[in-house]
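There are structures below to look over.
Consider the two complexes below, in which chain A is the common component and chain B and chain C are the respective partners.
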Partner chain A sequence: MDSKEIGGGLSGADLLREIERLRAEKEELESRIHLLEAQIKPRGTAEKDKSGSCSLSSLSCPQMNGTTLSGLSPEMIHRYSRHLLLPDFGVEGQLKLSKSSILVVGAGGLGSPVAMYLAACGVGCLGIVDNDIVELNNLHRQIIHTEAYVGQSKVKSAASSCHAINSSVKLVEHREALQAVNALDIVSKYDIVVDATDNLPSRYMISDCCVLLDKPLVCGAALGLEGQLTVYNYNGGPCYRCLFPTPPPSAACQRCSDSGVLGVVPGVIGCLQALEAIKVASAVGEPLSGRMLLFDALSSRTRTVKIRGRSPVCSICGENAAFTREKFQSFDYESFTQSPMSDRSSEKLNLIPESSRITSKEYNEIVNAGEPHILVDVRPVHHFKIAAIPKSKNIPLSNLEDKLSTIDSALKQAAQDSGKCASLFVVCRRGNDSQRAVDYLSKNGFPLAKDIVGGLQSWSQFVDRTFPSY
Partner chain B sequence: MTEEPKDTCDVIGSQKTNPSRDKDLAPYIKIKVLFFARARDLTGSTEICLEMPDGSTARDCMCKLLIEFPNLREIYNSMVLALNEEYAPESTLLKDKDELAIIPPISGG
Partner chain C sequence: MHLTLEFGGGLELLCQSTKIHSVDVKPKPGQDKLTMRDLLVWVKSNLIKERPEMFIKGDSVRPGVLVLINDCDWELCGSLDTELEEKDNVVFISTLHGG
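== the complex of A and B ==
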């Protein structure tokens, strides 16, 4: 291609000079436009002057001190320069982000990367709500917390980490559980909500609240080696209830504290939640609305499935939905989902009579007295490998039916060794499966079997403090 | 309680045992079923192959799965059913080599 023809007879060097001159002229014109625009806008007017604790008036106002034609302060330009260099994001994206307020519900495995990235990237206001305290067994995945904060409020710890990353972000600490009674009040102060909770009732409650207040919801979940991600209630898209009008039974809703989770899995989903929140806040790209991302850590596979649109018959966002704020505030989400909002409250089964149960202290006395017995531990094999009471015999509850003869011969052996009748005790992690086991055993030839109330948790609490808890 | 997850695609359907069946004429279609989250625990598999009579719907496929894996009833009323990575009503007709995904919600975090 001949450059002379394009440039109308100019040489290559002439063309470059001409381009440079025009660019300078363009910049000069643009700066004059910006200065004139600044004169039109009344000084100090924030784009969004919010009431309540998440006011952005001091933060979102561009510093018009002569050098900041973009609307960003020199410090912001320096800090967010890599964002500004992105043609698809640029100054506009950063300005929108700096004027947005985002609420992160949950400062755990998902909430950790969400809050850290949102603080780092410069959202205007970041609210964090949680009433948990930091525990040592959180730290393998909840990377926002450090050892120094074990025993302290998660929100306090998270806010401190976020502040250390970016002190220019307004942080709002909500050290309380988000519940139907306070959710409307808290959520209404923000533009976008990120669901980083760990339980089903909270998920329904947050989704319903976002429909009532018309807030986009970035919803992530992780368990074991899998994660899910969707943006709900965005631009006419579906809400959580459109997809799942009927909650799954409580047995189907496993928790990380029961089923385990590989630390980085909520990390991956949390990062993607931060990304979606940034996209929604800056109006960049195509948020994950009407789609669900499925992450499978074991096979390193990610799938995005198109999900249904908004359901016209949805009880919350449907055409004839009669769901009001009053109904929301009195709705019992825990009974609706048959599961607790707090990870701490664990199921307490009362399946068998008191006479078929002994306490961990009573069992300890039997051991110390040398009374002949066998102790069957009905936890799964991988639990048994973590820690077990010495001489206990691992027969997982799922195999119990096939192992009755093993128990029978162990009892006979113990009786033979001692010359006395041997007792049968059953233990598990918390004292629920052991009751199920005793219930089964009592109906299948072992009427005297007893379980240890509270399981190994009680053993480590009341008998052997050195016994590891998990 | 459940079997180890299998990555191999187990074929379920009585026709598999009939080697004399002429593939070109047989009015049967093969469906790949993918299980996610709790559905993996309940079936012990991540994916299986299902042979269905031609003209079957997603509902027919679910019925067959519920017979094969009665445990799946637990999540049947609260899951996303996706056909070839798209939401599909249960009345959708299935084609040969279709991929049906059973996606119950995860609630942990």
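== the complex of A and C ==
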């Protein structure tokens, strides 16, 4: 190092460049020291860790048998050679990546490509947190899981896939739901957080936690045929609450389990989340902070828009924010957002009296006894096309108002055919819309209409096990 | 004034599932400027066919809706008071939470 050069006669820009160069040099020296230290310590201890620690003090390359000038082992150079050949990424990028620890929250549609790419690209430590088990109807989009793992922990399944891709990455399995009570403890062990969850309260909770612990947050979301992506709490950029200080009404929160999602859409967003996490970890490029990427699969359009910066009046990251760790831990995110911390619908409507309801078994007895009736299925048309009870008549709830005369004439026809009075039953997927329909019908000329409790889900569970559930 | 309005993130369901609307909106009588405040009123009465509370709250959009004027968050250009110009592109997008 030539000390004469430093300071004397250099412009501000030159000085900054020199500082940058020296920092890189320092980093490289440090990583070489680490590698040499790793050779002294006992080997083969850091492969898979369930203790929850993700310390990288002994670097994650247990099979190391020689160092090079770059600070990467020959095996790492071979494995990551295509990264190293990138002038914008190179050895520095790979070294930074190998020293970073990243937490992926959610091992679902978004988390699948995130975890797979982060493992493949050689992050130092990869944590995965989720409490779900793998279900068959996850597999069309959650490509990290395989049929063999249906019924087992998503985290276990994801970690096993990641280990199969790159056994040199340290994997930490958190088989629990990330909640306000455990989030500080878990998140504090990582450098970067990826939000790959599927619900609104988790999104607020993770963002608040990242503000408290000063961690960059790569946040992605997907539903139907659209996706959204941005990086929060990075380099003075906004947090989730700067953008959305007030949660939306719960009726505006659609879920994949209700509205559907094309499998590849979270895949696209998840890949982009992995990319942003890699950029932040390796300090390469311009992470998507202060901007948001919007993806519309149907029209093959992506747009990147400029969003507001950090809000000085934000209740979490603003200048006078009084949000503490204690407040965070006792904050009720589910009641704040009026939504459950899961993708599942928790709605159990109790709109109409018991006397206006029958169980699926009772309805089955009516069918078997040949009692005259009509069954109106109030699901949307595309639901009806999936599966329906034979002879049921599809009148979507949104059209019910215009179809009262159709119901009336169907009832009269049934009565005429049997010579007896015909009953009116209503069914839907889970038994909520059918109550809304019966409520409406009872006030509009059909006082004896009844709904089937629990809808087709209950029919499939208690009457016809072969009836498909979706 | 000719504008392109786009609805996304589920908001298109409130306007008969059409995402892109090419529209002509006139300023209020006696005024020569059209603001976002005026446009929201116009959208509510001309494009929103159902559940207006899923789009509007008070005189603004409901929480959870991002408004982008020419690909820029409206918070950066004056929110409700932004004056619109010929051929502006206004996007209303509901934030997604799924994954």
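Note that the second predicted complex is superposed on the first by the 408 of 470 C-alpha atoms of A that agree within 3 Å, B and C clash if a C-alpha of one lies under 4 Å from a C-alpha of the other, contacts with A are read in each partner's own complex, and residues count from 1 in each chain.
One rule holds in what follows: a residue touches a chain if its C-beta (ideal position, glycine included) is under 8 Å from a C-beta of that chain, and two chains touch if they have at least 3 such contacts.
Remember, predicted model here, so these are calculated numbers, not experimental data.
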Query raised in the report: On chain A, do chain B and chain C fit together or clash when superposed?
Result: clash
Requested in this report: Determine, under the contact definition given at the top, whether A:306 touches first (chain B), second (chain C), both, or neither.
Outcome: both
Query - Touching partner for A:335 - first (chain B), second (chain C), both, neither - result: neither
Query raised in the report: In the superposed arrangement, does A:261 touch chain B (first), chain C (second), both or neither?
Result: both
Query raised in the report: A:221 contacts which: chain B (first), chain C (second), both, neither?
Result: both
Report task. Scan A:355 for contacts with chain B and chain C and give back first, second, both or neither. Result -> neither
Query raised in the report: Given the touch rule stated above, what does A:243 touch, chain B (first), chain C (second), both, or neither?
Result: both
Report task. Please identify the positions on chain A that touch both chain B and chain C, taking each partner from its own complex. Result -> 106, 108-111, 196-200, 203, 220-224, 226-228, 243-249, 251-256, 259, 261, 266, 269, 292, 294, 296, 299, 303-308
Report summary line: Within the complex, chain B is touched by chain A residues 106, 108-111, 196-200, 203, 220-224, 226-228, 243-249, 251-256, 259, 261, 266, 269, 292, 294, 296, 299, 303-308, 380, 396-398
Query raised in the report: What part of chain A is in contact with chain C in the complex they form?
Result: 106, 108-111, 196-200, 203, 220-224, 226-228, 243-249, 251-256, 259, 261, 266, 269, 292, 294, 296, 299, 303-308, 343
Report summary line: In the complex, chain C touches chain A at residues 8-10, 19, 53-54, 62-66, 68, 71-73, 75-76, 91, 93-99
Report task. Spell out the part of chain B that touches chain A in their complex, as residue ranges. Result -> 1, 7, 36-38, 46, 74-75, 77-80, 82, 85-87, 101, 103-109
